[in-house]
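Here you go, one structure.
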Amino acid sequence: MTQPNHPDEKKPFPWHLVIFLAPALLIYVTFSVYPLLDTLFLSLFNTQDGNSTFVGLQNFITLITDDNWSHAFWNALLNNFMFFAIHMVLQNPIGLLLAVLLSSPKLRLSGTYRTLIFMPTMLSVVIIGFVWQLLLSPIWGISEEFLYNIGLGHYFDAWLGKEGSALITLSFISVWQFVGIPMMLIYATLLNIPDDIVDAGTVDGANPLQTFWYIKLPLILPTIAMVSILTFVANFNAFELIYAVKGALAGPNFSTDLMGTFFYRTFFGFQLQQGSASMGAAVATLMFLIILVGVMLFLFFVQRRIQRFQF
Amino acid sequence: MKIVTGFLPSSPLNVSKSVTVHAILMAYTVIALFPIIVVIINAFKTRKAIFNDPLGLPDSDSFTLAGFQEVLLRSDFGLYSWNSLVVTLLAVGLVLLLGAMAAWALTEYKFRGNFLIAFLFAMGIMIPIRLGTVSILSLMVELDLANTLTALVLVYIAQGLPLAVYILSEFVRTIPKELTEAARCDAVSEYKIFFCIILPLLKPAMATVAVFTMIPIWNDLWFPLILAPGEETRTITLGVQQFVGQYVTNWNSVLSALTLAIVPVLILYTIFSRQLIRGLTSGAVK
Amino acid sequence: AGTLNIESWRSDDANIWSDVIIPAFNKSHPDTTVYFTPTPPTQYNSALQAKLQAGTAGDLITCRPFDTSLTLFTSGYLDSLNDLKGLTEFSDVAKSAWVTDDGKDQFCLPMASVIHGFIYNKEIFKELNLSVPATRDEFFSVLKTIKSESRYSPLAMGTADQWESATMGFQNIGPNYWKGEAGRKALLEGKAKLTDEAYVNTWKELAEWKPYLGRGFEAQKYSDSQNLFTLGRAAIYPAGSWDIQTFNNQADFEFGAFPPPVTKSGDTCYISDHTDIGIGINANSPNKAAAAELLNWMASQEFAELFANAVPGFFPLSNHKIAIKDPVAQEFISWRDSCESTIRNSYQILSRGTPNLENQLWNVSAQVINGTMTPEAAAQETQNGLEQWYAPQQ
Amino acid sequence: MASVKLNNIKKRFGDVDVLHGIDLDIKDGEFVVLIGESGCGKSTLLRLLSGLEEITAGDLYIDDERVNGRSPAKRGIAMVFQSYALYPHMNVFKNMAFGLKIAGKDKTFVNNKVVEAAKKLKIDHLLERLPRELSGGQRQRVAIGRAIVRDPKVFLFDEPLSNLDASLRVQTRVELGKLHQELKATVIYVTHDQVEAMTLGDKIVVMNQGRVEQVGSPLHLYHHPQTQFVAGFIGSPKMNFLNAKISSVGKENTQIMLESGRVISASIDSSNSKAGDRVQIGLRPEHMSLPCKENKIEGKVTLVEHLGELSYLYVDIPKEGELVLKIDGDNQYKAGDQVVFGIQPNNLYLFDSKGNALTRLTTSLEAE
Amino acid sequence: MASVKLNNIKKRFGDVDVLHGIDLDIKDGEFVVLIGESGCGKSTLLRLLSGLEEITAGDLYIDDERVNGRSPAKRGIAMVFQSYALYPHMNVFKNMAFGLKIAGKDKTFVNNKVVEAAKKLKIDHLLERLPRELSGGQRQRVAIGRAIVRDPKVFLFDEPLSNLDASLRVQTRVELGKLHQELKATVIYVTHDQVEAMTLGDKIVVMNQGRVEQVGSPLHLYHHPQTQFVAGFIGSPKMNFLNAKISSVGKENTQIMLESGRVISASIDSSNSKAGDRVQIGLRPEHMSLPCKENKIEGKVTLVEHLGELSYLYVDIPKEGELVLKIDGDNQYKAGDQVVFGIQPNNLYLFDSKGNALTRLTTSLEAE
């Protein structure tokens, strides 16, 4: 809303505006916007051999066409989509299910469940990565023993070590860690649905399943859409878990390589491989563009169709 | 949320329904907690016992505090925790304050550039600040802030602001504008309006922002490593990570270190969690 | 005088530095305060690079061998040490990992080398009545016997971290195939190819290891392997000599070591005696004089003896005669006399381009052991990689 | 349509008894209004009837069938909520059709039903709109339409007009009255607006703290409130109460002494009381006449509210308190004036110290 | 206290003209009510007066000082919002004291002021409570208290009672009236409840789509509405309108023919019209008498609403439309009855085709 201004008296300079905005803007621009732009800018240069020369889009062309680079790039991108797909298929539905259960009327202990289930989300990847490696380790044998106990022992395998299963396993771990976020957000939306509307559905003869499907679900769709976009952004920025568990080489045979790890290797190098700031910046720029395009597509095709409802 | 029923709902249909709900939630709670509990249990066991009976509780034979001793003697865990606490609290506090101020300015006042600034902040949600590491580091060096906690705090503020501004703006919109108008009629200055009226009303939203900002800051490994790896400025996550690297085979020390690192974050979480759901349900993140 | 910070990836050694080495140095140099500030190995390179670029790195930089450090030097982050008098204590071979290609500039002081071989659990060997294998056939028959007992894993190694496959596997047994330095030089000069029999056979042998590795070795990490061995659950451990120190701390049984077995008894044996750690001076250090003093001290007999015994398994590269007390370490160093030494073949020059040979070796070696790639394919892929950028191989 | 019978219905939430045994007989086609102060349990009772809340004790019969445990869907009831509770994501048509669709009804059948109901409620041009695109009154009608299409045996309304503004409330109230005449449905209607209760109800149930205080036709409650609570609830502005003492008892006439010592007479049977009992006199604002003959009282006007055809006079009676008078609009009183007014003995109400009414003598008109 | 003068005040939001030149003179101590349909610009006008919104054109004087550009703080006004706008995190005391505290007033001064105001409003026992612990009526009083303590020259009220329930609204309205008598403050009061307007206002300003339709005392508006809009707005239930034609003009008496051909006479000056002009007759529900002499009309009762002392009769007049009658409660009409009623010629209103009223003959009482 407008601060009323008064043409008759001299309009004073809006100092309060400056004071409210400047600190945040200053810190944000200095320590985030500027460094990011600086880095993205780097992608137009070649910094190898110590001095930097302007090369235009050459780095991007190399990245996409040169076999050495493009192979790794497409592989990482594909894996990243896979990673995202698994989150969409698992994390959000599980979050939804938990949120729905948590919001059941008159549920006792719901606060306790909520807090406990949110716990993994609070922990650092260092801890998460280490713990799950232990649990899934064939040497320690916790998972194996557990599976034997429920009669599925022979299905056990060194999941984290197999090309076919490593990425999926890591995705599961990530889902396990972050399921609390969709859960919380959806739960909050569910709490906001007025009881009356649900009661009206009940009186209209809808059973709980129908109530969920026809009434609650459409009303939490906007939240689910928001959660999806957050998941997308987070997944395409993902790095820590892979790095903590599989290292920067994202083995076996790059089967767990994501854009994040690919960027890391390129930018900082790895073991005997030298890092290249300019190529790294090019990867970063591409990551940024992918996320931007993804978000835009989403806003354009999905968000527009979803209406928010006032109760 | 009203809890109104007696211990058992009276109709059999309801009983079976609520048993199912509890069963599923309980099962998932176990899944969520099991790994954490395994870590904690084993932190109190000898190395042999960890291997031979990973799920067993420590008994008189296997119980040991050696891991904790090692951790507390071999590394300055107190200092690390303190550093983490200082950095996290300062950064979260400033993110909240500056974020709220910016969110207020962006939603309450119309001025040229309003949209542009809001958009600039929104972009920050999408791009990981880590991409700018090298520039950030050079900047910190120029400002003579390398290896200081200040550097970390500044970067974390920059990292946390976009989401904070976004969430808080949404929330500021839900504050009835009559409140500010009433205050303006009362001759209250714009600053006082913000600090005496808006800020107290933003509390639940701030709890939400605090939790979402705190998690990545507390757990961050990257910037402490790059910006402040010195012994004096080491944070707890970095400390643990180095400890894990250093004692990678000494599992009961590692597990003890992990256990020690879990504790503070849980304390912080419990401080905020009560307000969290209030913040979420009062419309900030919808 | 002043304060010195040492950058290192050897977080394992943090206690030794603070408890033993620094106090010893301070005896002769009481007014220099030294901090040993390690970064975990996996993050060392990137963190160091970032810090160097920003000018916040420590005064002394622990040097990876060859190109990694060479780049630091050519980028101007490391000082030339040509004038350092301590350097005279080292042979040219020892210094070779840290000189420019033209041999003009020395930029790091050699600190230690590591030797590859196998460490075995003496109690298990005794229990199963096994003797130490000298030839490949003996090696595999020992493995077979252990496996048939089935109580123990014959070999403690995993492929999850990948580097073990390359370092403890390929570089460990390989020199016997490609005849040490001769093979390595031939590769450098373009006279040999990675598709040659020697290399393919190395991978073939690695592929044969698979049945003798523990269940789920694909997800087994380095620390898992160490634990398996020290807990007495595995009989043989493809080792780097640096493991001795860990094992001394954690194993409550006697263990011994043997070099990589040869084809038939009497063959010359080759070992990987890899120049692994050097130390240089940060070109931007405000305290170069003190740094140089520390380096000179590190070239001394005193340091060599301290270091070798404090960190058994890291063998000083200086010319001083020193007594190593640890029996297993003694065993390792004794191979220097009985066998021909060489260094890892991917380290010098060959990992300069894209794709990077070392990284490729990690990847393909792990895959060969996992059984997801044939030895021939591994050879072909690495050779192709090399041919893409390395002129002598084109 | 159906009859509804409540037999000692009780409800407790946790430790709190909210309804303490409600007995009620509702005839087929009757329009019953539940009225009472906020929190007295009106909504709770409605929710018990609908099956949304479980009955703690007692029996509920719809059409002579005990339906205690039955699910809402199977009770043949429809409910209109105070907030309307329209599904915000469905348009008007879908909102109205939802119940039928869930019941698996045939498409053309649903269509006909909805269109028919919409026509009846004059919302057939709004069928495509979403609830948020409707005005309050329109939403209200959609909510009723949603109830109608299901041909329920009993309609339950929970303060359906309280979210409308004054003029719309009047208009919708009239429409509701007509709709009831047309549908001849059994309706149970909760409100705390006494005008709604008076105008709509065939029968009014006055509730007080989880109990039924009195049941009766609107006029019966107006003329013969059993308790002071009911008397105060029915009529607007509220009945005036003054403290008094019985000075002489009688079967046809009672003399009452006010605090100031004034004595007035009332056509009330006080044969069960005795002289000296503390009582409260009830005076309806509309019953006090200014040119007066009997029971004269004088006081000073403190405020006059002119509403056009009538005015409210706020009169301060020394030593008694303040009374409200509702008088003809053609007057020129203003604050400060001294007035004398009176009240006919048969227009007086009397309540004993427990709040129970003393029997008034019945005039022929009020007999029914 | 202060006078307020509006001189051709205009407001436009972007492209939309919301106020089209408002002229208004408000005397010191006057209670002025702004009334009009939703969206007609009442709140906007209030916000212009308070300084929360900028005046597009025209002059605003408070106490003969032009204050157009002045900030809200410096105008000496206090505003009470429809939603009360209490600071939810401050208790009642702090809410009331906030403005004074900010102004740097001395602590005991603030204390006295607040306690005094709280006593006046009977909320002195609530000073420690938070707004959410208060009932609607109490909140309302706190909001007023917050305004009072600042001793403003002008009070601005924006529908302060619309969030209260019916009985509380009546009660608070009375209190507001008394408060005004006591404070003798200048009050500008927005509402769309005509009862509030009639009872509270010294002067009522009827607004219609951004224009002032008529200004006058409540009774003047009731008896002499200048337009059909005003006539329909003042009075409850609403005035009935019927289509008609003038059949013979006259200075004292006009004959009007209804659609059905009935002719009725009205004490209205139609000398400016001519026979055959289309007009609308206005009949107030309270003016139609059942035992009648003149202007007889007959119809069928469709609905009766009994409110105790009075009843509303909804009567369908063949070929004319439906009328509402407000009659005495002592009646036994029911739906379906045939009734004949009449209306006195001097109770009729007449509006020409543009909605302007034809002059009614004034009775002595309505003179003022």
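Chains here go by letter, A, B, C, D and E, matching the order in which they are written, and residues are numbered from 1 within each.
Quick note on the criterion: contacts are C-beta pairs under 8 Å (C-beta built on N, C-alpha and C of every residue); 3 or more make two chains touch, one makes a residue touch a chain.
A quick map from chain label to UniProt name: A = Sugar ABC transporter permease; B = Carbohydrate ABC transporter permease; D, E = Sn-glycerol-3-phosphate ABC transporter ATP-binding protein UgpC.
Note that the structure is predicted; figures quoted are calculated from it, not measured.
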Neighbouring chains shared between subunit B and subunit C, ordered by label = A
Counting contact pairs per chain pair, which pair wins?
-> A-B
Measuring from the mean C-alpha position of subunit A to the mean C-alpha position of subunit C, what distance in angstrom results?
-> 38
Here the gap between subunit C and subunit D, centre to centre from mean Cα coordinates and rounded to Å, is 92
Taking each chain's centre as its mean C-alpha position, how far apart are subunit D and subunit E in Å?
-> 27
Distance between chain centroids, defined by C-alpha means - subunit A, subunit D (Å) | 57
Touching two or more other chains in subunit A are residues none
Which subunit C residues touch at least two other chains?
-> 42, 50, 227
Provide the list of subunit B residues touching at least two other chains, using ranges where the numbers run on.
-> 3-5, 51, 133-134, 189, 241, 244
Residues on subunit B engaged by subunit C in the complex (per definition of touch) | 47-48, 51, 74, 133-134, 137-138, 140-141, 146-147, 225-226, 229-231, 241-242, 244-246, 248-251
Going by the contact rule at the top, pick out the subunit E residues touching subunit B in the complex.
-> 50-52, 71-74, 77-79, 81-83, 85, 87-89, 98-99, 102-103, 146, 150
Within the complex, subunit D is touched by subunit E residues 38, 162, 165-167, 170, 173-174, 177-178, 181, 192-193, 195, 198-200, 218-219, 222, 234-238, 284, 286-287, 302-303, 305-310, 312, 314, 326, 329-330, 332, 335, 365
Contacting residues of subunit C [partner subunit A, same complex] = 42, 45-46, 49-50, 64, 66-68, 71, 74-76, 158-163, 214-221, 224, 227-228, 233, 346-347, 351-352, 354-359, 362-363, 366-367, 370, 372-373, 388
What residues on subunit A touch subunit B, complex-wise?
-> 1-3, 14, 16-17, 19-21, 23-25, 27-36, 38-40, 94, 97-98, 101-102, 104, 106-110, 113-128, 130-132, 134-135, 140-142, 145, 176, 184-185, 187-189, 191-192, 208, 222-223, 226, 233, 237, 239-240, 263, 277, 281, 284, 287-288, 291-292, 295, 308
